[in-house]
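Two complexes are shown next, each including chain A; its partner changes from chain B in the first to chain C in the second.
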Partner chain A sequence: MIHRTPGGTRDVLPDEMRELRGLSSHLRATFEEAGYGEVRTPSVEYEDVLRRGDERSAGAGYRVFDERGEVLVLRSDMTIPIARMVASRFPEASTPLRLSYFAHAYRAVEPQSGRPREVLQAGIELIGEPAPEGEAEVVGLMLSGLERAGLARHRVAIGDGSLYRMLLDHLGVAPEARTALLERLTRRDLVGLEALLARLDLDAGEREALTVLPTLRGGREVIETARRALGKGLAPAVDALDRLTGCVELLAGGHAAARVIVDLGLARELGYYTGAVFELYDPAVGFAIGGGGRYDELLGRFGRGLPACGIVVDLQRVHVAQAEEERLA
Partner chain B sequence: MTPSGDTPPVRPGDVRDGAGVPEPAAGHTGARLAAERPELVIAVPRGALLADTLDVLDRLGIDTTEVRENDRRLLFAEAGIVTMRPSDVPTYVEHGAADVGITGKDVLLEQPDREVYELLDLHYGHCRMIVAQPEGADPLERSMRRLGAVRVATKYPRIARGHFAATGRQAEIVEVKGSVELAPLTGLVDAIVDLTASGRTLAENRLAEREEIAVCTARLIANPAAHKLKAAAVDDLVARLRAAVPR
Partner chain C sequence: MIHRTPGGTRDVLPDEMRELRGLSSHLRATFEEAGYGEVRTPSVEYEDVLRRGDERSAGAGYRVFDERGEVLVLRSDMTIPIARMVASRFPEASTPLRLSYFAHAYRAVEPQSGRPREVLQAGIELIGEPAPEGEAEVVGLMLSGLERAGLARHRVAIGDGSLYRMLLDHLGVAPEARTALLERLTRRDLVGLEALLARLDLDAGEREALTVLPTLRGGREVIETARRALGKGLAPAVDALDRLTGCVELLAGGHAAARVIVDLGLARELGYYTGAVFELYDPAVGFAIGGGGRYDELLGRFGRGLPACGIVVDLQRVHVAQAEEERLA
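Take a look at the complex of A and B:
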């Protein structure tokens, strides 16, 4: 007899499980050798605690009442629970703290969308290390972990989640327009972005800069292109570009240099990112296989203000990429 | 995964894509095949947008003769073209089965959760998403006033639901698959939400436009991974399309 499982969830049988284990053991060894200690946190957390980190509890999709009527949420990512854990369990531990995890996260999905409700994640968080060294460490480590796991063609896109927001603030764009612009940027609706910019009261140079910026991606030279496009009038963006240059330069010295794509239009959805943001890609998978970024304010919301950044991959998507490499070999 | 054989997107000397990412293992025949094929796979919509789309692609120097001559074939690997109904374009592009695609803004509005990038307004395939109801009466107003809600038939339930919600009216959306014009004429609903280009079908069925929801034209969309991994090719296509389509 066939019994249903909830849409977007599935069983993992021994053959697949063996391969997933293989992948995670390569990643785990990579993280462990670099001093990242593995942690586990509860699958459910109090909603009011997660909301400290992010108003929408990082978009948590499932809530239940416990026996005392408190609201529990099924975690939708591991970064907020780890921030909560660090503030609670390591209130005085010396930094930087290096932590890794292999855990499921849960997302609300549209029916029939084919998207997973339950995602197996492998990630690292580096707490107490400022930009750009922190970014370079976690990105470099994840790239080599993926290589060790059998990927060959994976790339990382690096941008700055605060860049566009800072520019809009600097130009005094009204709050409603700002929200609408950022929403279009996050979806990369460049047509909508351009149409909206055309209606705002900006001078031609500023409008041009805001239109061109989200299309700039490539090697390190795009940072210089951005500097020229932004000109002197948009000074606050220069800090973000300097940080990005620093990060890319640190990575350029390592084995990962050729895998780096600078993407100035990258803006990830999660609200807690304050600086660099990453997305990982592999030609075998149409979707991002992972991502991350810098979140310097998140720990402070839990009472231990420390700069931090992290990066995570979706193990099932990494598996698709790795299987493709095996097929090509 | 893609008809192009999916080789790494690095061209010799192409700094924009970075350099030095490993080439696929020697002896992998896909690499040789792909070298002769276009780097990008384009999802092309059949139906109303097909003729204009093929004309634009011709202007870019992409050979579309095969597509024009074959009504039933769907995959044209030499030209880097796959053809499908417009509403499937975002699906293929989202999953990376096509790197880029062309489809109507109406399709994109109806599928807002698709993770695709909207890169360019192509300015052809101009039509409008509207609310229409039988001529000479205002059943929408009557139902609103007397019943507190309206009934609307459409092939675009998300757009319709969004429009009535945004205008503060309670609406019961009835999804139909075929000719939506029939629905108000038979008393199934008060009004319809549909796409109109010339307004002829509306007029023939004695329906009149009441509200405009959106103006829709053809758009170029891209897969987020391809947008980065094949950045030079995507930017080149965008630049050439920008030049090829009159504003």
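Take a look at the complex of A and C:
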């Protein structure tokens, strides 16, 4: 007589739990020593709060009806609830604010997709610190935490989520084509992207820039390649590349320099990122183990306009990566 | 601009979070050293799983509709999910099984009642160990854990949830009156209980027994008072009192002897308790900080019939009690 758990959820038995607790405590110690105070927000939020943070975020969550029939939503990430909390509970606290969390997020998933509905996240948010210092701090700290937790081969890709959007705006690409292009970019479907670009009314140089930019991945030199591809006409993009250079230079001075990859094709799904975006990998496994970015407009939507950035890992994926690293070692 | 969290939920800020983590780690260490392995179950379960455990448990939870319209329920305690897990994931493991958990449970609450919807629980379940050894182990361990976590004045009340029910059955009290009496008993409304008893067709001795039993609270001597009040005619009740004596004697040999109160009026709300029931208090605060009991029929409903008992604390209430103890010290 087997009683199932809902698809995309699972029981965690003692051996795995002990290892997950071990990972958490290494990360927690790393965050604490750097002055990040742990917070917790409720598992459920009012739907309009999540919608204010990101239209898609409210839709991606599970709806819960309370005893009065009010619609609550299980949080689908911690960044939006923390933005709400900072505006409500720290309206006048001096900045920067350094906060961390260890909590589950809940995602609606396609049936039979095998994707988890519950994700155990460990993350940090740095509020009130502008680019590029903020980015360098959170990325450097997460890389240290993962090292302390036992990973040896992890990498972080750093790009800029606003870069491609700016370029599309600058070139006057119509909204419909823009959405389709960004969707291909987010899925890293570069073949599909190129096919779409071929149908747009662009000159050869413009099409070349839009095609080449997402393929630029490597060391700091790819930022220079991007500068040449974009030309001089696009001041905001040049600013974004300058910030990226600044972030990479700050990290180059630290212990984690060799772990940094510049990736100008990186575009994260969530809609609130305004600048740098990050993705964490481990070569032992074929999936991202975490990510994050800068979200300078999110806190203002809750009434306290402050620049901010954050980074998060999926602890169960980190655990799989760690086990794979050990197996391959 | 204040964005509310749903009624009965709250944000936990860094100072409180640090203290809650401290409490958890003392309890976790206590449980681990005693061989209790931590587990985690999904936050959501299929409604029929919770209903199989306890009819009211499914109703008490929040309903969630997934992307296919299936009804899931946020767990309202961890004991039923762990019973499901043991039957499914440990169908042949040797017993006793010792499991612990640190997790949130979700409760539907009356609007404006001020009661929390999310309760952070720390608990243990001992599966396959009969009375009274099982009871003595889990109660003794939780008392030690709370001591290690910094409480000094906490107490545990131990009663038997089946005793009053047996007595009502034995005296042939009609189901409707039975439900009403048990409801008064659970609320500790002894005046209301007495008023209901006055209207029932009972002889003076029977009414006396039903009135006196719930008032018996104190040292081991109250068990002897109960024996006299019940007379000799009720063999199962005598067995229950014998088990209670056994449990109290086992605890009397340990470090926690002075913390034990026998309370024959104790009746816990949840429907799956079959024998001993516990409630944890701290004199610094006016509410129970935890509880538990024996549930010998629950695992059988999921396909692996084993005697079991468990005990749990509400970590936020333990935290309040600890702060109050410090303030009063």
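What to note about this one:
Simple rule for what comes next: the second predicted complex is superposed on the first by the 321 of 329 C-alpha atoms of A that agree within 3 Å, B and C clash if a C-alpha of one lies under 4 Å from a C-alpha of the other, contacts with A are read in each partner's own complex, and residues count from 1 in each chain.
Everything that follows uses one rule, which is that a residue touches a chain if its C-beta (ideal position, glycine included) is under 8 Å from a C-beta of that chain, and two chains touch if they have at least 3 such contacts.
Computed from a predicted model, the values in this text were never measured in an experiment.
In the superposed pair of complexes, A:84 makes contact with chain C only, with no contact to chain B. Once the two complexes are laid over each other on the shared chain, residue contacts for A:44 go to chain C alone; chain B is not touched.
With both structures placed on the common chain, the touch criterion links A:110 to chain B and to chain C.
In the superposed model, A:284 makes contact with chain B only, not with chain C.
By the touch criterion defined above, A:192 lies against chain B but remains apart from chain C after alignment on the C-alpha atoms of chain A. In the superposition on chain A, A:22 makes contact with neither chain B nor chain C.
Touch criterion met: A:263 reaches chain B, while chain C stays clear of it. Partner contacting the larger number of chain A residues, of chain B and chain C: C. In the superposition on chain A, A:305 contacts neither chain B nor chain C. Residue contacts after overlaying the shared chain place A:253 against neither chain B nor chain C. Applying the stated touch rule to the two superposed structures, the overlap between the chain B and chain C interfaces on chain A comprises residues 110.
Note for the complex: chain B touches chain A at residues 1, 6-9, 15-22, 24-25, 28, 30, 94-97, 113, 115, 117-121, 219, 223-229, 231-232, 235, 238.
Within the complex, the chain C residues that touch chain A are 1-6, 9-15, 17-18, 21, 28, 37-46, 49, 52, 62-68, 70, 72, 74, 84-85, 87-89, 99, 104, 106, 108-111, 117-118, 302-303. Chain contact summary for the complex, chain A toward chain B: residues 110, 113, 152-153, 155, 157, 187-192, 215, 217-219, 221-222, 257-261, 263, 279, 281-288, 324, 328-329.
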